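Multiple structures follow.
Each of the two complexes below includes subunit A, the first together with subunit B, the second together with subunit C.
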Partner chain A sequence: MNETIRALLAKVGGLPVPVTELEDGADLYAAGLSSFASVQLMLAIEEQFDIEFPDNLLNRKSFASISAIEATVTQILKANEAA
Partner chain B sequence: MDMQVSFLDRLFEAGLLIDTGVDGLYGRSGEFEEVIAAFERLIDRVGGTDGAEAMRFPPGMNREFFEKSGYMKSFPQLAGTVHSFCGSELDHMSLIRCMEVGEEDWTKNQQATDIVLTPAACYPLYPTVARRGKISAKGALYDLQSYCFRHEPSKDPARQQLFRMREYVCMGTEQHVTDFRQTWMDRGVEMMKSVGLDVTIDIANDPFFGRAGKMMVNNQRDQNLKFELLIPITSTTNPTACMSFNYHQDSFGLKWGLNLEDGSVAHTACVGFGLERIALALLHTHGLDTKAWPAEVRATLWG
Partner chain C sequence: MNLAAVAADLTLSARAKRAAAVAAEFADDVDREGRFPREALEAMKTERLLGIQIPSAFGGEGAALTDIAEVCSILGQACASSAMVFAMHQIKVSSLVEHGQESAWHGDFMREVTGRQLLVGSATTEGGIGGNMRNSICAIEVEDEICRLTKDATVISYGAHADAIMVTSRAHADAAPGDQVMTVFKRGQYTLDKTVDWDTLGMRGTCSDGFLFKGEAPAAQIFPKPFAEIAAQSMLATSHLLWSAVWYGIAADAVLRAQAFVRAAARKSGGATPPGAIRLAEASTLLQLLKGNILSGLKAYEDARADADQLSSMAFSIAMNNVKLASSEMILTIINQAMIICGIMGYKNGTPYSLGRHLRDAHSAQLMISNDRILGNTSTMLMIQKPDTSLLG
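Here is the complex of A and B:
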């Protein structure tokens, strides 16, 4: 999942630095992720993992770092399995 | 009949607003305009000594700048574009036929012009300032007013499609522009009190479009980027935003290339007055006959 998220981030994130240089915990907003790019990333992740972010997870925190995105996606996938 | 319709009907009956047959598109009486003019003079008295540079743009803006602003990413549902007939004489004949028959939409061959209706008074400002070069280290302050268009037909007289927005826009460091915003939040409350209006200030968000917009809304609220000054007009449970206080961080600075003398990207903030909404709040609170308004309110507005 980490690799997939990194690939999507590289594609739609519009970051001025290569994604490979980012640590999993690095602050993506500090790295240059704009509000609009974070929305595009959200839509790309939804399509890739066939999930829908619930309203309470549609916020800056969910996309603050690669590990935050991983945790959010994992949480949604688990909730979907349980449902 | 709900409360909103009845207030609108009362405004029509009193002649303050003039029905055009389109929801949210109204004429204004001389008395209504007097209220707006008086309130703008009050704004001038409060903000006039800050040294803002005044600029007035017509209610249409350069389409190229509109596209660059990203408005269509966030608010496609509100935008209004200006289209015109650009055809030949033969095309003109078909147009007339089409309008006479009335079966087909005669507007379908209209071509987009270089003009888009201004969505907020400050939109034409950013490219104008960017063209001038670097912004003074002391920051910059501008005073704007324009009719603005938002496509949201409604029977709520406080939600018009063409309305006036007075704005102050500040550019500078983060500290400078957030101080500016706080100053105007305090001034706004005092100004409204001085004309007998009951106000609250609350965190707010713009009407971003769709599910992606939900995330923009959450981001905007999490970061305290927008506040509104609310006054009850058609509802006490959902009071109407009559002023807004917006901190754009460095997003407009980056988008338009607004830089300070030291080379850093300018932060920007704006404070907007919804002039029709303020007039409506006054009329709703003090009554439809402005001559019968409380003496202290009249004294503040008309001296």
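Here is the complex of A and C:
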């Protein structure tokens, strides 16, 4: 999942630095992720993992870093399995 | 001494009304001359209104945003420039209250703001960023616990009259444009060289000239939180809500003038109303809608305030954007209606029904953060956000 997220981030994130140089915990907004690009990234992740982000997870924190995104996606996938 | 009368005198709205009476007296002169509303500001200081938002632990009154919005609206009915200066000051103070309490320096500064009734300004706009305050070109340098910053600030509202200015910049020389911090500089710690004159259609008394800002201060004056969080968690909501409260004040006074015009005309003609009277009912409907819009926004803010996640959620951002968009557009319609009702008496300056200043001041609303930019942001968020369609949600 980490690799998939990184690939999507590289594709739509529009970051000024290569994604490979980012630590999992690095602050993506500090790295230059714009709010527009963060929405593009959310859309791409929804499409890739066939999920929908519920409203309560659509905040800065959920997308603050690669590991935060991973945790958010994992949480949704688990909830979907349980349902 | 009548204690009840003294207590009534000390309510926030009574204090605001006394300051508003002073603001109203000088409103036309401030507008005509494009000068700072110094009498109104002195009155606000006398009534100790500048520190009301600061928690009592730091010497203030801990006023809720709803109460501050009421003060904005009372001042807005008297002089929009004075009200906007007050609102912008309170927006800066909200950053201190929400993000400065854990920092010793910012805590002391809060005590100073309320103790000495300091006026706090803002330098978030910069030449070359295209109006997006979430990007900076200038970067702060920190060396030996001292920070230095030079900023080509194309707009600093009441910059020359502020006692302190909060300035945004990139966090360090290598930071991305969006990786920003905000720093408080006190008067004496910076110089301002005027680069742009504020000669505008309306809001002339805010004196939002442009300056080349050069500051040097202890590094402890940099807010400990990234500006992105400050912007999302306190500035977005307080700006849109307090601005809207000022705008409501302008529109409410316009409707009041139109109503006075209709009443006077009806009295003179033995009850026959002037042709524009029916529009007064329409204006009253719109004013109520505007009020409801702002009040529901204030409630959403007070409900979300304790929860950082909710404050930075898309649903909340969209709600605040909508408050701003609707208020800024609706006031123009309302004031225009009032102008049609009052006719030439509204169009002329210097009559009890004059509305030129109201209309000109109101035209700033769509532009302070361009509505097109806000619409763009909202439409981006709507690509992914799922709306709660319940009436109460």
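Annotations for the structure displayed:
Convention: the second predicted complex is superposed on the first by the 83 of 83 C-alpha atoms of A that agree within 3 Å, B and C clash if a C-alpha of one lies under 4 Å from a C-alpha of the other, contacts with A are read in each partner's own complex, and residues count from 1 in each chain.
Please note the rule applied: contacts are C-beta pairs under 8 Å (C-beta built on N, C-alpha and C of every residue); 3 or more make two chains touch, one makes a residue touch a chain.
These numbers were taken from a predicted model, which means no experiment stands behind them.
When both complexes are overlaid on chain A, the residue A:54 reaches subunit C alone and has no touch with subunit B. Within the superposed three-chain model, A:83 lies out of touch with both subunit B and subunit C [touch as defined at top]. Which of subunit B and subunit C touches more residues of subunit A: that partner is C. Judged by the touch definition given at the top, the superposed model places A:42 against both subunit B and subunit C.
Where the contact sets of subunit A with subunit B and with subunit C meet, they give residues 34-36, 39, 42-43, 53, 55, 58-61. Across the interface of their complex, subunit A is touched by residues 70, 73, 211-212, 214-216, 218-219, 222-223, 251 of subunit B.
The part of subunit C that touches subunit A in the complex is made up of residues 134, 171, 175-179, 226, 228-229, 232, 308-310, 312-315, 377, 380-381, 383-386, 388.
Interface of subunit A with subunit B (complex): residues 34-36, 38-40, 42-43, 53, 55, 58-61. Across the interface of their complex, subunit C is touched by residues 16, 27, 29-36, 39, 42-43, 46, 52-56, 58-61 of subunit A.
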